[in-house]
Each structure stands twice: as structure tokens, then as C-alpha cells.
Amino acid sequence: MDSALIPEGADRCSFPKFAIGISIVGAVALWGVYAMFLCWFKGLNQTNMNDYYGFALWIWADLAVIAVGGGAFFTGLLKYIFKVDELKNIINFAVIIGFICYSSALLILAIDIGQPLRGWFIFWHANVHSMLTEVAFCLSCYFAVLTIEFIPNILENRQANKVPFFHHLAHNMHGVMAIFAATGAFLSFFHQGSLGGVAGVMYGRPFAVREGLLIWPWTFFLFTWSAAAFGPCFTLMVTKITEVITGKKLVKDNVVHLLAKISGWMITTYIIAKIIDTIYWAMVTAPSLGFKMSHFYTNNSFYGYWILVTEIVICGVLPGFLLLNKSTRENPTTRLIAIVLGVIGVCLNRWVMVLQIMAVPVMSFDTWALYIPSWQEVATTVLPVAYGIILIAITYRYLPVFPQERELNQPRVDQ
Amino acid sequence: MFPFNFEWVWDTAHIIFMGGLWYAISILGAGMAYVIVKAAMDTMNDKGESHH
Amino acid sequence: MIQDKKAHKFGMVIDLDKCTGCGSCMVSCMSENNVPFKEDESRKKDSITWMRVYKLTNGKSFPDTQVVYMPRPCQHCSGKGGHGHSPCVSVCPATATDYGYDTGIVSQIYTRCFGCRYCMGACPYHARYFNWWDPKWPEGMENYLSPNVSPRMRGVVEKCSFCYHRYQLAREKAYGEGRDGIEESEYQTACTTACPAGAIVFGDLNDPSHMVHQIVKPDPHPDPMNKYVVDKSRNPKVFRLLERLGTNTKIYYLSEREWVRKAGDNYLDGEWDKVKNHHGSSSHE
Amino acid sequence: MKVDRRSFLGLGLGAVAGVVVSPVGLKLTDDSSIWTQNWPWTPVPIDGEISYDSSVCNLCPGNCGISVRKIAGRPVKIEGLDGYPVNDGGACLHGIAGLQYLYDPSRVRTPLRKNGDIFEAISWDEAISFTAGKLADIRKSNAPQKLACITDKTQGSVPGLFKRFLTAFGSPNLYAMPSLESNLELTAQTLHGSGNTLGFDLENSDFVLSFGAGLIEGWGSPVNCFKANASRKERHAVLYQVEPRLSNTAATADKWIPVKPGTEADLALGICAVMIKNNLFDAANFKAGFAKFAAMVQIEYSLDKVAQTCGINPGEIEKIASLFAKAKMPVAVPGKGRGDSGQNLKEFAAVHTLNCLVGNLNKTGGVFIMAQNDYLSFPEAVMDNVAETGAGQEKMAGSVNDLVEKVNAADKPVVDALFVYNANPCYSLSAPKRVRQAFKKIPFVVSFSSFLDETAMEADVILPINTFLERMEDVPSQAGLAKNIIGMIRPVIKPVFDTKDPGDALILLSTALEGTIAESFGWESYAECLESVTGNNWSSLSEEGHVVISEGAPEGVPEVDFTFLATNPSTVQAQGEFELTLIPIDNMHLTGAALTVSPFALKTVSDRVLTGTDIVVEINPATAKGLKDCGDAILTTPVGEARVKVNFNEGIMPGVIGMVRGLGHTFDNKFVSNKGVNVNDLIGPVIESGSGLDAAFGIKAKISKA
């Protein structure tokens, strides 16, 4: 039915099967869209956020998708700037995942703000001292970069590529992609960092505040580093999921091993820095403001030491070790465990750096603030996931995303 | 964002921040303009000789 | 920081031994500033009260319990080192909240705020409130709204402005009468004038003739124990909320009771005994 | 031109590019943001000239001077009036929120008549002629005494006009709701003879011994008390607060003396005993019964006995007695909470006896024995035969509570018609269910009310009256204020709805009744009436807004009569057998009697008092076995049961449960009604023999996990 659009020589499921799959996920997406419209038309009272908990579930989701979307910029950086050529086999997919993550992030921001129609004031009336301004600018610009990186892949669709202009455009864009990738890396460095800065500069919040370098608190660098470290984990995880669902091998092991190895090094170096940061914060920064470390992790039903141990040891040190060690890295099971833990770890880090900050009381007579998201928040947080699945399904079906797919999936007769 | 917005100040912070921003935007803009023009020219050149 | 001789630094000192927790300041503020109300205001975490009165206890059991009420308006932080980078102003992406170097007042521009709530996260005093709902008044009640303060729309952050419109009106009046400045009594916030116990004193911390200056005696030198802290009070009974963070609030509190002063900030075990007698740099000179 | 696919595509793309590049997008974006800044559903207050009106607030007996800021004629803000002798610029939260009453959603907007279960709007003419018709029937039956009337107070021209109406009609049955003022008048009558009241010179006293008086919880003239309390620090004056719970007054006091609920009188008499025993008293002008009293307290209120009863140690009692007796300007203050409901004469008299013993009567910083206000000069009411016989009869009951009992006890209606003015007995008396039941038994109830509250809901006709912002009225100071001041309420805005001054409503009604009643009300309007009855004071009242009748300590040493206490009247006990005692808490943020709290004031109420629609009761963690802080519980008393939430409070005596007064309204107002429980629903009346006061200071209770 849609075979004319499917890349040449690729094997895809039947259109009805595809349509049914899409419509199931689409229903979830529609639920999210409904919740999104409720938030827009009725206002943020649809959520369970409050004046203590001004950032909530979806802002965590926002930071988390940006963090895991870091795979795109880091892979791009490696591929185009450091010329790690093997990565060309996964770069398309990394870009698509990045595109999904960043478009989701922007969508979430559009739902999250109380006055979406005035959202552009962040650009127009920019306060250059605010980390959030930096985030907004770099995020939008980097999203433009991702779009630019995504376009050639779209134009390589069988039908699109028949249009000569599109063909040439794709070709030419590949030619100068290194410049875009470099700009993207620059922008990404800053907005990932600024997101970390968002928390680190809140000097009214001893749980968040960090000392740092010039105007940048340490969280600025930690966020960039962690996005670069864990982003590839997410790329690999989604690749693995895609392979399982399609029942096909899509990327060669050597590519996966390489990315996993790089990620392992990044995670390990990151987690060392994170541990130093945490110790310094717990031993020096917080006590200088009158806080014992136990203040942040006790006296409430949710935020215990477990969250610190899970984030740093189980989801940081452990995956770092598993990916550095050649045997565990190349063992599909331990590698999968490592990348899943890594993804959880970075998401947990973002949770802590957004939500635990809000929950911790600062005034001596204040109390812990805990909250449970409303269904509207859950639905709008699930929306990007559904949207991501749909977009990956469509791009996988119609675009030559994986250059090695044909080679890896030769009909048996040819072997 | 622009010097005519009233909160704009000609200070180091604005120069560094906005400088970086406009620099990035210019590169992206110029790059895209270049590839589009180049692609248009290539398409026109194709008309004479059949490329495929 | 602009070192204009004429620059004011409006601030407040609240005598917690006089405060009875009666709530006049809260209602006066709501009435003065067109603060809306809704059906259920018992969820304090979404109830807009620019001025909120906290109840503190000394944590002792019957009959040694003691209670004190602490009114908490926006603290109008001068920020680290007093340079105007208050926790909220420095983070607002759209310049919707600003620090007035000529007044020391942290302003909020409702029509520019787009509701990102970053400022709320940055404020440890919970002084900032979000309009989760459209403000609605029962039929006819909008007739009591004051034109001096515009009612806010849903989706923006609001907070205490030190009744800035009263400052503007006082200045206009003085200007109309050909006077340069305004008198201490001409600009007083709604909570100050409402307090039946006279617990709130408001004025210019920079002006030695003002009562607030005389009570607080702000120390012009940075605190030798913390370079970010400026304008520490030299009055041993006066303290600020979370002073150690370096927010440099312009709301000072006064209490004879040591446990109350201690509750104003966080201290490690045993730390309070070391710092409790430290009041500004000059007291150590 | 042929449009092929290619040129169509080109055209389309071109159009899109054109729109994107054109200023249309920018313009729309800009417009949409401007739209959000001017949403039509966000009101834009109209600007205009600023003006200030001064008046007096009558939301409570405090009667503070207020300044109303108006813009283009609209009142926008109420503030305390600087220089006013009661409050000098201060104001309480209820007064400041006063404008919310003006536009209250539950205001009665036109006269209403009950038809079945619903009210229908009628005109004033209809309402007056209908009411007059019903009243005329009662007079025709020659039983005019069967018209009764409940008002909030007895003093001032408006209660005066109600009294006059009843007299001219032929009924002695005028009843005032219990108030601090009525309790003080009764106390003064008992110890110093009738026609007197008490004023407490708190602002000059150097030692205030308060027996639970909520000096900053709304006792007396609240703002005046706030100010006196606040100046304590500078004056080096001391406040000792005796009560089972760490109220805000206790919290601000120099010493809190927790005693078992209901034992305040015992403590006061115990202190008397110590003072007499140690000869720490000043027997000036003591008349009847002192010797007997002195002997009685030594036996019945010995140190050990009192210490046992009150739950404090004997040494403390001796110390208080000595401090109190040796202070320069000591004053003992009676009246738990606001001092209005749940009070008993024994306690008032016992506490005031301390003042008598210490000899601070009519001295600066002490208690002033002041004559009740008599500044009004009404001409004699004209009465016909019917009126003469009816008004000459004995009053049917001793108090509002007694009236309710009588109505409920009788098979046939003992009251044919009832007026209720500015009172909400169906909410504020204990066990209001029985009050509503009595109201249902009365064939014709007329409510003079601004709001459709619980009592108005029980009426057959509601004559809507102006709020204090829309009317004129003289308000004499009362409730323990140590000055005699007449305040003048002046309208700051024309009536917002079809409402009238209560005086004008009475004039209309009397005119419709014709004859001698109409003759008794021969004024054109209430304004004219007020001018004539205030006589010499009118010019000051109308020009300055108030008259100071007297200030400072009165002359002379009044006589003291100890007879009442000398017989050792029995102490009222809490009803029931349960282990714990439930006591009502007066909270400044809430209102007690006729007034319902405003949305603004309710907003200031702690979530440890009201959460959602649940009332939160205070209990000491030591007593709260099996309960969780913030958890749900069932509170049971002999009178009723309620679902509550629990607040662990170390500031309440073990064995005591505190429940705030002023919640649990049931009328139609989503902002203030149907929130929490009315504590009166859980407390039954306990009548003190002798005084007839409902002296239920609390009730025995039990609490268990819900």
C-alpha cells in the first residue's frame, strides 16, 4: 500500500499492522493532547503543582529528555568534529532521538508556562543574567540545528529524493554538516550546562546551590558532562528497543561497542566529578549555610538517602564500571543492564535537581513539601513518549535511518 | 533581544551573551542559505545534462 | 550598585514580641492589593497571601510551649553583597521582576511575566505566589477593587510590592507640592498602617532619621564572618530570615527571645552559641 | 496559465514563505500576548478622584473609628481612623475586610417572604403591609405581649427603637443576646448595684491578671485591647494569663497559668482567700457580706483545695496573690475568650472581687464602675389600653435561652411573633438545633438582617437592612472599654441593594400599624429621629463622628456588695461523663456571634484550624491515644458527634480538646459556609442557677480514630 515510500530493499511490516500499532500509541498521544488542551484552556490549576512545588513532574520529564537527548550532540560531535567515522551508522538515529527529545522539551515548556501566548517574552525581554534565558536561546537554536541535521535524512526518502532540488539539498547539507554540528555542540554545551546552572545558581536553596567557575556553578559542567555521558546510553537503549521490536539487527556490534566504550569513559569521569561535587557540597557548602547533610535526606516519607545511593552508586558507578570493562561491555546482557541503569541514573539526577530542591524546607520552621501529580500532568508527560514512538516508527518505516540495515539483514539465500 | 528593547543595556553581559547568540544564529542562517542556494544552482545545472 | 546619595533602601522591622498573629496585616494587604480569593483557601500552598503569618513554636512540651507569630512579606532581598541580584531577580528570564536600585524594592511586572515560576523555586521564603486560577469576584464585588493595583491574570506570579503604588502616590503628591523628597509618614505600606499592635515599622534603611534605621542600625560593612552578608543589624535583638544565605533581606525581625532569633536561620549543632552574640562587624571592633 | 503539480507546489511553498516572512506572524503573536494582558474577564477597576470618609465600624462591640478610602465614590479600602479615641488608627482584620460584607453573595437584596420552603422577593410595601397585618392580628387577640424581640444589644438608638416599638405595641419581651457587655452589667449589678457597667483600664495597668480573657482574641473592644497589650513592653506592664490552652494571649503573656477548664472562679476565690488571709486587701467601702465572704473563702477555697481543683501548685497561687496585691495598678479581667457566651456570673463576680479587694476601683489602671449610657432622650411612648396591659406583664423569660426553652416546652405557641435584629441565635447559641426548633414553633418570625444567615433562613419575612457602610447609627462604647464614647456610623455609600436602615423599617412598620404605635414613631425618618433623641450630642456626633462622654477614672469609691458570693453559689460543671473536656476556642481570625467571617478573614485562618471542609481540633499528644497528627477522628459529646481532624498541640492542657468557634455555617455562601463544624452543635446549654446564664464553658467529650 505504502511500498513506494519504503526505502529500497528494506523489509517492513504490512501497512495494516503498522496502522494498528500507530493508532494504539496514537490513542495514548491523544489522551496527552487532551490533557495539554485542558492545561492551555483552563490553566495550570489542572495540575497538582502549587506555590511550594512550582516545578513538577513534567519539568523533570523536560530535563530528563534533554539529558538523554544529549546523545545527539555528543555523537554528532564525535562523528563530525572528532571524525569517529564508525558512528555514521548510528548518527541518523541519534539525531532523530535528539529531535524527538528536544521537540518534546519545547512542547512541555509550552504547556508548563502559565502564559503560553507570551512565551516569546523570554526571547524578546531576555534577561541575560538568567540561566533560563540561556537555556531557552540555546535550546531553540539547538533544536534548529537538530532539524537541520534531520532534514537530509528526510530528503533521502525514496520519493522525496526523486525531486532534484531535494536531492541536491540533502547532498549539500551533508557537505557542510560539520559546521552545523560544531555550532550544535557549542549550543548544546551551553544549554545543557545552563540547565544545570538553573539549579546551581539558586542560592536561596541550599540543596541546589553550588560554588563554581566564574558565573557557572559546578552543576553547569556536571549537567553537560552527564548529558554527554548518558545520552549515548539512551541512544543505545532506544536502538536496542527498536531492534527488539523490528526483530532485526540494525547496527553492527563494533559501532555499539565503540559508543558504549566512549559512554563508559564519560560516565566514569562524570561520576568521579559528581562524587567530589557531592562531598564538597555536603561537607563545605551546605554546612556553611547551617545545614547538615541529613537535613536533606530525612524526616519525610520519600526523599531518603536511598535516592543518593541509587543515583550515584547503582546508576552511576556501576554502569560506568560495566561499560569500561571490556567483557561486561561486550556481553549484551550486562551492557543492556549498564545502559538502562545509566538512563535511570541521569533521569534520577534530574529529578533530584528539580524536585527534591522544591521539597526540602529551607526556613527552620518550614516543612517538607511533597506532591502527587494529577492525571493531566501524567498524560502530558506520557505524551512525548507516545509521540516519540510514533515518530521513530514512521521514520524507521520510510527513511533510510540505519545504513547497515540492508547489509545486516540480507535474505538468507544470499548468504 | 534587540538593542531597541528597553531592558537592553550595552554591557559586557549583553555583549557576550547576545554576541554568542547572534553569532550562532548567523552561522546557522548563513549555512542554510548557502546550501539552499547551492542546491538550487545544482538543480538548474542538472537541467542540461541528465545526472541520473 | 548605584551609589546615589538619594537612593532609598526601604525596609521593615517587625517586632515579634508585639505581633499577636491577628491577621490585620494579611487582610489589609489583600484589600489594598486586590488579592483574589477562592472557595477553598485552606490549602496554604496555593493560597495567595503576599503577607503570610507563620506560627513558630519552641518545640517544648506542655506547659513550657511557647508560640510566636512571624509575618512574612516579600523580603525584598538585596542579594549577595547587596548588589541587587536577589534570588528571584537574577533568575527571571523575561526581566519581569526587577530590583529598584533607587528604592531597594523588588518589583513584579504582571503583564510581562509568562509564568515559568523559576523565581518561585529560587525564593526560599515562599513569598511568591502563582495565579493558578483566573481571579474571580462574586458579582458586584469587583466594585471594591482599587485602580492603583491592577488585578492579575491567571498564569502569572505575584508578590508583595511594598505597596509601591503608595510610594508613587506619595511622590506625586510631594512633586505636586514642589517638595524634593517624601516624609517617613507619607509612604507606609498597608500592613504597617493596619497593624493594631504597631509591631511593624517601615521606612528607609538608608535614612538615619527613620525609625526603621534607628532600630535596625544596619552595619555598612560586610559581615566579617560572611562576605556576602551586608547591612547586618547591630541591634542584638534584631535578626533576618536566612541571613546566612546572603540574600540580604530588608525585612528585619526583632525579638527578646533567643529561641525566636535562632529560628530565623539554620545552624549546625552548637553553632548558635558561637554566633548568637555576633552583631555586625563594628561590634567586634 | 496551466497549473501543473509543480507550479502548484511552488506557489504553495511561495505563499507559505511569504506569510512567514511578512509581518503577519509577528503581528498576530504580539496581538495574542496583548490579549492575554487584557483578558475581558479580568476586571479593570475604574480610576477617579480619591476621597476619604470617616465612620465607625459596628461589626463587633469594639466600635472602632474607620477611614474609608473611596475612588470615584466607590469605597475601595477600610482602614483604622487615626486619632479615634477607641482605636487610634488600628483596625482588625474583620473591619478591614468590611467591604466584602457590602457585596457579600449571601446578602439579602430585597425584602423576602417565605412561601413553603423558599423565599420569594417582594417589595418593601408588600413586606411592611404583610408584616403589619400579622402584627395587627396579634393586637386584635389582645395578647400583644406575645410579640417578642431578640436584638444583639440593649444600648443605642436602634435597640432603643425596638424597645419602643415593643412598648408601644404592648410587649415587655425584649431580649438581648448574651454578650460581654451584658455579663459585665450583670456583674456590676451584683456587686455595685444596677445601672452600672465595668470598664477595664488595661492601657494603664501594670499587672493584668486575665482569667482567660482573650485580650488579643477579640475580647472587649479588640483593637483597643491590642494596643494596650502592645504597649505593655514599653510600660513594663505584666500580663498573667490563666487558661487551659496556650491562646495567643497566653503566648504573648509574661506568664501562662494553665488551669483545668471551668475552674477559673475557684482560682480567683482562692487568690481572694490568700489575700484576705495575708491581709493583702483594701477594705474601702465594703458593704454587705464581706465578713461572711471572707470566712467562706478560707474554708471553701483554701490553698490546697483550690490547687487541687485547678491543677496548679499552691505556691504559685500564693505568688500570684502576692504579686497582684502588691502591684501598683493591678487589674483582674474576667470573661473567657471573647467573654460573651458560655460565661457564668460566679466567675465574673469572683474575678471582679479581686479588683474590689485590691482597691483598684475607679483608679487609673484599674476598673471603672461606670454608669450605663443614658445619652438618649426618647419621648415617652404613646400607649393605648392594649399596650398598657400587655407591656405591664411580666417578661416571659429571663434570657434568650430561657425564651427558647419556654417556647419548646409549651404545647401552644407562647410567642406569636418574633423580631430578630442583628443576631444569629440559630447559630450562635449552644445546641442551635433547639433554637431552630423553637423558631419553627413560632408562627411568625421577622428577621431584620443584612444576610441570609441561619436565623434569617428560619424567618417568615426578612426585612433587609443596610450594612454599617450604608447606614447611620449611634454606637455607644461598651464591652469593658474604660471610656464612654458615642460613635457615629455614617453612610459611605448609597445602599447597594434594596435595603433600609433598621430604624426606617421600624418607622414604616409603625406607620402601617397606625394608632398609638404610629404616634410613638412620629418621625419622618430614622435620621430625624436620631437627631432629636441625641439632643445636645447631635452636633458633635454629626460633625466629628463621635462624642467622648467620659474619660479617665470616675470619681468616688463605689460600694461593694459581697452577698452573692458569700453564699458560695455552686460552680457550673461540664455536662456529661466522658473523660475529656471539649472547650470552644475564640480565634481572632473567626467571628463568633451575629457576624459571619469574611472571605478575606477566612483566608488567614490556619490550616491547623480548618483544612478543606474539615475542622481541626487541638489535643495534647499526651491525651491523643491512638490518634495521628492530622488524622481523622470522631468527636463525641453528650449532645452530638462530629467528624474532625486532629492537631497535636503541646500548648493545650492534657485532657482538653479545643475546637474553634465560628465555623460550620450552613447558609448559602460558598466562600464561608459549609466549612467545618459549629462547636455549638456539640455543646448543650447549662444554665447557672441564679443568673440564668448559659454557662456551658465546655462539655465532656471523647475522641476516637475515625
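By letter and in written order, the chains are A, B, C and D; residue numbering begins at 1 in each of them.
What we mean here is this: contacts are C-beta pairs under 8 Å (C-beta built on N, C-alpha and C of every residue); 3 or more make two chains touch, one makes a residue touch a chain.
All figures in this text were calculated on a predicted structure; none of them were measured in a lab.
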item: Chain whose Cα mean lies nearest the overall Cα mean; value: C
item: Higher-contact pair (C-beta pairs counted), A-C versus C-D; value: C-D
item: Averaged-CA centre spacing for the pair subunit C and subunit A, given as whole angstrom; value: 40
item: Intercentroid distance (Cα basis), subunit D paired with subunit B, Å; value: 73
item: Separation of subunit C from subunit D, taking each centre as the mean of its C-alpha atoms, in whole Å; value: 33
item: Length of the line joining the C-alpha centres of subunit A and subunit B, rounded to whole Å; value: 26
item: Touching two or more other chains - residues of subunit C; value: 43, 95, 134, 153-155
item: Per-residue overlap in subunit A, given as positions that touch at least 2 other chains; value: 115, 118, 121, 124-127, 129, 133
item: Where subunit B touches two or more other chains at once, by residue number; value: 7
item: Which pairs of chains touch, using the document's own definition; value: A-B, A-C, A-D, C-D
item: List of subunit C residues in touch with subunit A within their complex; value: 43, 45-46, 54, 56, 70, 80, 85, 87, 90-96, 112-118, 120-126, 128-134, 153-157, 241-242, 244-247, 262-269, 271
item: Residues of subunit C that touch subunit D when the two form their complex; value: 17-18, 20-24, 26-28, 30-32, 34, 37-44, 47, 49, 53, 55, 57, 60-63, 65-69, 111, 134-147, 150-155, 190, 193-199
item: Contact footprint of subunit D on subunit A as seen in their complex; value: 115, 117-118, 120-121
item: Subunit C contact footprint on subunit D (complex, rising order); value: 36-37, 39, 41-48, 69, 71, 74-80, 87, 89-93, 96-97, 99-100, 102-105, 216, 222-223, 226-227, 229-230, 233, 246, 248-249, 251-252, 256, 258, 496, 588-589, 599-608, 610-613, 620-622, 650-654, 670-671, 675
item: Residues of subunit B that touch subunit A when the two form their complex; value: 1, 5, 7, 13-14, 17-18, 20-21, 24-25, 27-28, 31-32, 34-36, 38-40, 42-43, 46, 51
